[in-house]
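What follows is a pair of complexes built around chain A, which joins chain B in one and chain C in the other.
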Partner chain A sequence: MAQAAKIQESIEDLEKKQEWWWIAEKKRSKRLDYLRKAVWKKGAIGGNYAPGVKVDLEIPVLFTQMYNWWKFDPPMLRRAKANAHILDNMTIFITDHAQLVGYVGTTPNTLLWRIDGASMVNEELYNEPGVMPEPEQASLKKVADLNAAWAGQTAVDKVARILDPEDAVKFLSGAIGWGAPTSAYGYSGKDYEFLFAQRNGFLDIIEKIDEAIEKAEDRTMGAPGPDILPLYERLQNWDAMKMILEASIRYANRYARLARIIAENYETDPTRKEELIRLAETCEHVPAHAPRSLQESLQYDHFVQVLARIEALEGAWPARPDYYHWPMYHKDVNVEKNITREEALDLVGEFMIRAYEVGGFGPRWAREGLQGITGTWVWTLGGVNKDGTDACNDLTVAFLQAARMVRVANPTFAFRWHPKVADDVMREVFECIRHGLGYPSIRNDPVLIQNAMHWHGHPLEEARTWVHQACMSPCPTTKHGVQPMRMASATANCAKMVEYALHNGYDFVVQMQMGPKTGDAAKFKDFEEFFAAWVKQMEWLTNTLVRTVNLGRYKDPEFFGRPFLSATYERAVESGLDAVSPVGERGNCWITGFTWVENADSLAAVKKLVFDDKKYTMAELLDALRTNWEGREDMRLDFVKAPKWGNDDDYVDDIMLRCLREVARHSREIQCPCGNTWPLLPENVSGNIHYSSIVGALPNGRRLGDALYDGGISPGPGLDKKGPTAVLKSCGKIDHVGDGRAFLLNQRLSPTQLAGEKGYQLWKAYIKTWADLGLDHVQFNMVSDETLRAAQRDPEKYQEVIVRVAGYSAHFVDISRKTQDNIIQRTIQGI
Partner chain B sequence: MGRRDEWKQVQNSMYGEITKARSVEEREKVPDAACGLCKNFAENAYASDGRGLCKILKVGSNIAADPPVFVTAGEVGLPTMFNTDAAACAHYAKMDFIDTDGTEVADPGYRRVQRQMEGKGK
Partner chain C sequence: MKCTECSFEAPVAKFRYLYNARIDASIALRQCPQCQAWLAVDELSGSVKQKVGPGEAPWGKSAGIEGLAEDAR
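Up next, the complex of A and B:
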């Protein structure tokens, strides 16, 4: 009833109340409304999956059957056969009214479970409440049997066996980082230039593979010599790539057949019948051939994404849809006028909904660190073309408009701002932010292109193709520029750097000597001794994580293997090597720095209160920290009041710069398997909440259990007391090219202040200052405290309120109370 | 014993025997005095498969032995599972309350989110 009443309210009234979700419902087409409401929410609510969401057991059973059957095959071929068996046999479905198809599970409410990733995740799944399909007892037995078959045989098991045991124990403690050193999970990149710019369908790629096989066989059947020996393995890989592409075409054809069966036997509505026939024709054409229309272009992309995810639990969705789908949009809407703009908007909106639908079973740390979503689907819009001209187009605008109608929390957008972006595009960007989506985040294109050239040596044209690989990091989409897999285990819980410097490397939470013994902090004579200990702990922590990832990346083709991903990579198709092999890649690694700003604020507080003012001794501080400030509230408040980052205060800002420059120096001393650098990228997702009970008390006044800061270079919530310009000035002291890979900045703005045309002009002026200061990133929450508190009191009424968490957006009701409070605590900046 | 061997021992105790494949019955059984019900149990922050560390006992302890072995000095806590039988442990201290609401976030000291632990804290 309440819902019906809302529908009757005028759009003007709803706009006044900023109830944008009701406006979306009124404005979108009936099809989009149905599809948006029909989709199952896969993101975890806090740490648990929503009722009704179940793990898909059909896919792991199919995979295990065939994987065991071919146990003597080389890794990529074995996996290709097992995955092809899935594609030929898994149950498929078409959602009513859908124009796009393909899902990673066998029913719409299921989560993909990649059983070959990690035994500990498999065991976690067994213990997880609520996710077993009915009948539960039979499912438990099935999962127990599958887990027994895979115990010790998964990709992570294999890496863990060869890691240095000290590194393995410390990494798997969960204290210093997260992620898994395997391409079974993580953030894969896509070679869009090969698939879309070069217009290669899967049959075109198979032709290229056949040519490569023929050339290799000319040599293997010729004069013997050491140079031909590697080709025998590569021939097996080419067979694997070809096999999985052929299976993928069959998989698409199964959808075509299903669509025809429904159209010819069951559908009574003639319009829908026509749609189903068009859907069938689409799936008969793509991915076998390059797309001819917008629908085929989007369907091709979606198939590629789904097929890659059936192969591995990819946690990111790097994409630049307005750039790569523009030719077909332009042809259909502007040139040939095959479809109207409204029909194109329907397709674009559904494309987003299909991505929102995708979900896989993730371990608890991932669910808590990415509350409300199942991966960081950050799609890149805007930016420049390879020749430096403005790449924004009407499809850019269509995506921004569709986002306001479907209001999904995932995918989100990041907009590549540059000085030539037209005002009408900026207005559309702003409208999304004003509508409370929390996206797009704004990225400084000129700065980030320069950054990509500086850190990883991408040539200018290659750098200009960049998309977000995961939340924040730019990655080109070219043959040598694309990074196949960013394994998330180079994600550092940076607050441990200062914690270990204080406690001689001992971790009181996990009860283990973790970092090096850098000395009893009570005996440090000055700040420099303390800072030197911090540097050593920073180097140890980053070294430990990077060693783990490097080994995982190096061994991945043997321990996991990605036939489908390889088949979509130009360099892998050419070389016959697994796409994850470092050969032929320039290198594009980064260390994600969770809980970073706590270091600067803690170091500054110690410098001020222990070494400069001498108000407390280090021994007193250590005692207070070890007892979690108990009985020392006055002392704790002194540390809270010490200088804090984000207030344009050089006392603490200089320490921040010193820390960043030490990491930048070290980033060049450590190398990825491609021989390139490992720059830092401070950001958090909701890791600040996950780690809240893992990071001990800190000298910034934080207690064990308190939420950490919301991340990147964002000031601590409520600690930025001098206004938005001071925040920007502090952040502007950082060299956003040379000091690290990228720097996340969360800002909250007042929706009341930013209403109307005046609001847009204020925001635009803010963005100009931000750009002038050379910052690379900023993202906004523009939902009032009043609305958020009302949503806490009455979540049923506010199911569609979206907030920016950090690096991603989520429905407010899907994040834990602690995360909700943390967002409300952030300062609302008046600009 | 060299550094590598020492850590190998720790690695084996953390990720070896206690995580080996078990039957449904073994997985489902939660003894009256289970480690997961003890206030000295800290769940692993990386793997929520039920493994954790004892905050009192260190590596080298064996609470399943007869008589049990209690080692309280060392640099690494004793690895254990949420449903390990701690009836013979001299340091067992049952928690008064266990948060089983998995929609809230992790706390290695106080969180038990396993399906098998539902209702055990009452």
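Up next, the complex of A and C:
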């Protein structure tokens, strides 16, 4: 009834009430409306999967059968054969009205489960209520048998066995970082230049592989010597790459066959029949050949992403769709006029829905840390071409318009702002933010291009191709620039740096000596001694996490192996090495810094109240922290009132800069497997909630149990009391090139204040100040407290309200109460 | 402190600390060990201000503390 009533209301009335989700329903085509509503929500609601969402058991069974059969094969070849077996045999489906196909499961309600990733995750799956397909007992038996077969044999089991035992125990405590040092769960970059710019279909790549094999075999049949010895292994890798590409083409052809069967035997609607035939022709052409139309281009991209996900549970979705699909869009819509712009919008909207549909089973920590979504799928829009000219085009606008119609929380967009972006494009960006999507986030292209050159030495032209490899970090899409694997275990719970400096390296939450013994803080004579302890804890924590990732990267080709990913990488196809191997990669690593700003605020509070004003002794403070401020509310509020980041106060801002510069110095001392740097990138996803019960009480006034700040360099919620300019000025003191890889900034703006043309002009002026101050990132929530409160009271009515959590967006009703509260607490800045 | 729902009485620390939605406010959410009710507690005075629930009144800027803490605008 409520829905029928809303459909009767005019768009103007709905705009006044800012109920954008009803407007979307009215504006989108019937097809998009159906597809949007027909999709299963795979993101966890709080920490649990939605009713009806089940784990796919067909794929792990198929994989295990063939993996065990080929037990004497080397890693990449063995996995290629097992994955090819999946592609040849898994159940496939075509959603009604769909023009794009491909999914990581065998039915639309299923979650991908990669059995070969980690035994810990497999055990968790066995114990997860509600996700087993019916009949449940039979499924549980199947899972138990699979788990028994893989116990000790998964990628993480293998890495854990060779990690230093002390590192392993500390890492697995869950206190200092998360993720797993394996490409089974990482974020792989995509070599878009190889696939799209160079227009290589899989048959073109197979031709290149055949040439490489022929050349290598000429040498292995020739004069013996040490130079030919590595070729034997590479020949097997090339075989694996070729095998998986051939299987991928067969997989696409299975969709083509299914589409033809439906069209010829079951479909009665002539229009849909035609669409199914076109779909069949599309899947017969891509991925085997380079695309000839927009539909083929989008389908090719989707196949690549799905196939990479069937190979490993990927947490991110690096993409730059307006750039790489523009040639086919331009050809179809503008030059040859094969389709109308409205038809193109339908395809673009569906392209987003197909990505939103994708989901894999994640452990509870991942579900808590990424509430409401199944991965950080941040698609990059805008930016510049390789020659520095504006890359925005009508497809950029089409993606921004389609986003407002389909209103999915994943993928989200990040827009590469630069001074040459046209006003009409900026208006479209603003419209998405004004409609409460929480995206696109705005990235400062000139700053980030310079940053990529500064930290990793990417040449200018390559730096300009950058896409988001995960939430925030730029990565080129070029042969030597693309990073094959960002392993999430280089994610630091940074609040532990100051916590350990206070407690001599001891963790009172996990009750274990974690960091080095940097001295009894009660005996520190001045702030410098305390800060020196912080530096040592910071170095220890980052070293520990980076060691695990470096080892994971180095051993991944042996412990896991990525035949499909390798086959889509120019350098891997050329060399015959696994794509994850550091050979031939320039390096593009970063340490994600969760819970970062707590360090500056805590250090400043200690400096002020203990060392400068001497209002409290360090012993008193330590006692208060170890008892979680219980019975010391007056004292806690004093520490809350100490100088706080985000108020343009040099007292604390200088400490923030000192901390960042110590990390930047250390980032050059530690090296990735390619020999490049490890800069810091402060951001949180919803890790601030996950870690709320893991980080002890802190001198910023926070108690164990309270949410941490919402991340990056965003001030603590409610602590930025001097307005938006003061926030920007504090953040502008950071050198966004030399102090780290990128810095997330959350801002809440008033939807009432930013209504209409005046609102746009105000926002544009804000963006100009942001750009002038050299900040690299900002993202906005523009949903009122009233709407969010109403959604808390009556979630059923507000299913489609989207908010920006951190580096991603989520439907408000899908995040936990504590996370909702944390978002509502953020200060609404009047600009 | 006395629970306004079931009259259970004990020192504040016996009421399970949940979280403080606003770091700069002295209002915290605690749970009564007897009846499990969520309570908005003034940590300075050690008194219960109101029960936190999904109804109209207590749902505010910071969960359960609308009107109990000043909004930071």
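One rule holds for everything that comes next: the second predicted complex is superposed on the first by the 831 of 831 C-alpha atoms of A that agree within 3 Å, B and C clash if a C-alpha of one lies under 4 Å from a C-alpha of the other, contacts with A are read in each partner's own complex, and residues count from 1 in each chain.
We adopt the following convention: a residue touches a chain if its C-beta (ideal position, glycine included) is under 8 Å from a C-beta of that chain, and two chains touch if they have at least 3 such contacts.
Keep in mind it's a predicted model, so treat the numbers as computed, not measured.
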item	value
Contacts of A:705 with chain B and chain C, given as first, second, both or neither	both
Which superposed partner A:817 touches (first chain B, second chain C, both, neither)	both
Contacts of A:828 with chain B and chain C, given as first, second, both or neither	second
Which of chain B and chain C A:47 touches, first, second, both or neither	first
Partner chain(s) touched by A:628 [first = chain B, second = chain C, both, neither]	second
Touching partner for A:676 - first (chain B), second (chain C), both, neither	neither
Contacts of A:174 with chain B and chain C, given as first, second, both or neither	first
Broader residue contact with chain A after superposition on the shared chain, chain B or chain C	B
Touching partner for A:640 - first (chain B), second (chain C), both, neither	second
First, second, both or neither for A:595, with chain B first and chain C second	neither
Chain B and chain C contact sites that coincide on chain A, given as residue numbers	692, 705, 817-818
Residue ranges of chain A in contact with chain C within the complex	628, 630-631, 633-634, 636-637, 640-641, 692, 700-707, 716-721, 785, 789, 792-793, 817-818, 820-822, 824-825, 827-828, 830
Chain B residues touching chain A - in the complex, by the definition given at the top	3-4, 7-8, 10-11, 14-15, 19-24, 27-28, 42, 44-51, 53, 55, 75-77, 102-111, 113-116, 118
Residues on chain C engaged by chain A in the complex (per definition of touch)	12-13, 17-24, 26, 28, 43-44, 54-56, 59-63, 72-73
Chain A to chain B touching residues, read off their complex	45-48, 119-121, 123-124, 126-130, 140-141, 144, 147-148, 151, 160, 164-166, 168-169, 171-175, 178, 363-365, 368, 371, 509-513, 689-690, 692-694, 705, 816-819
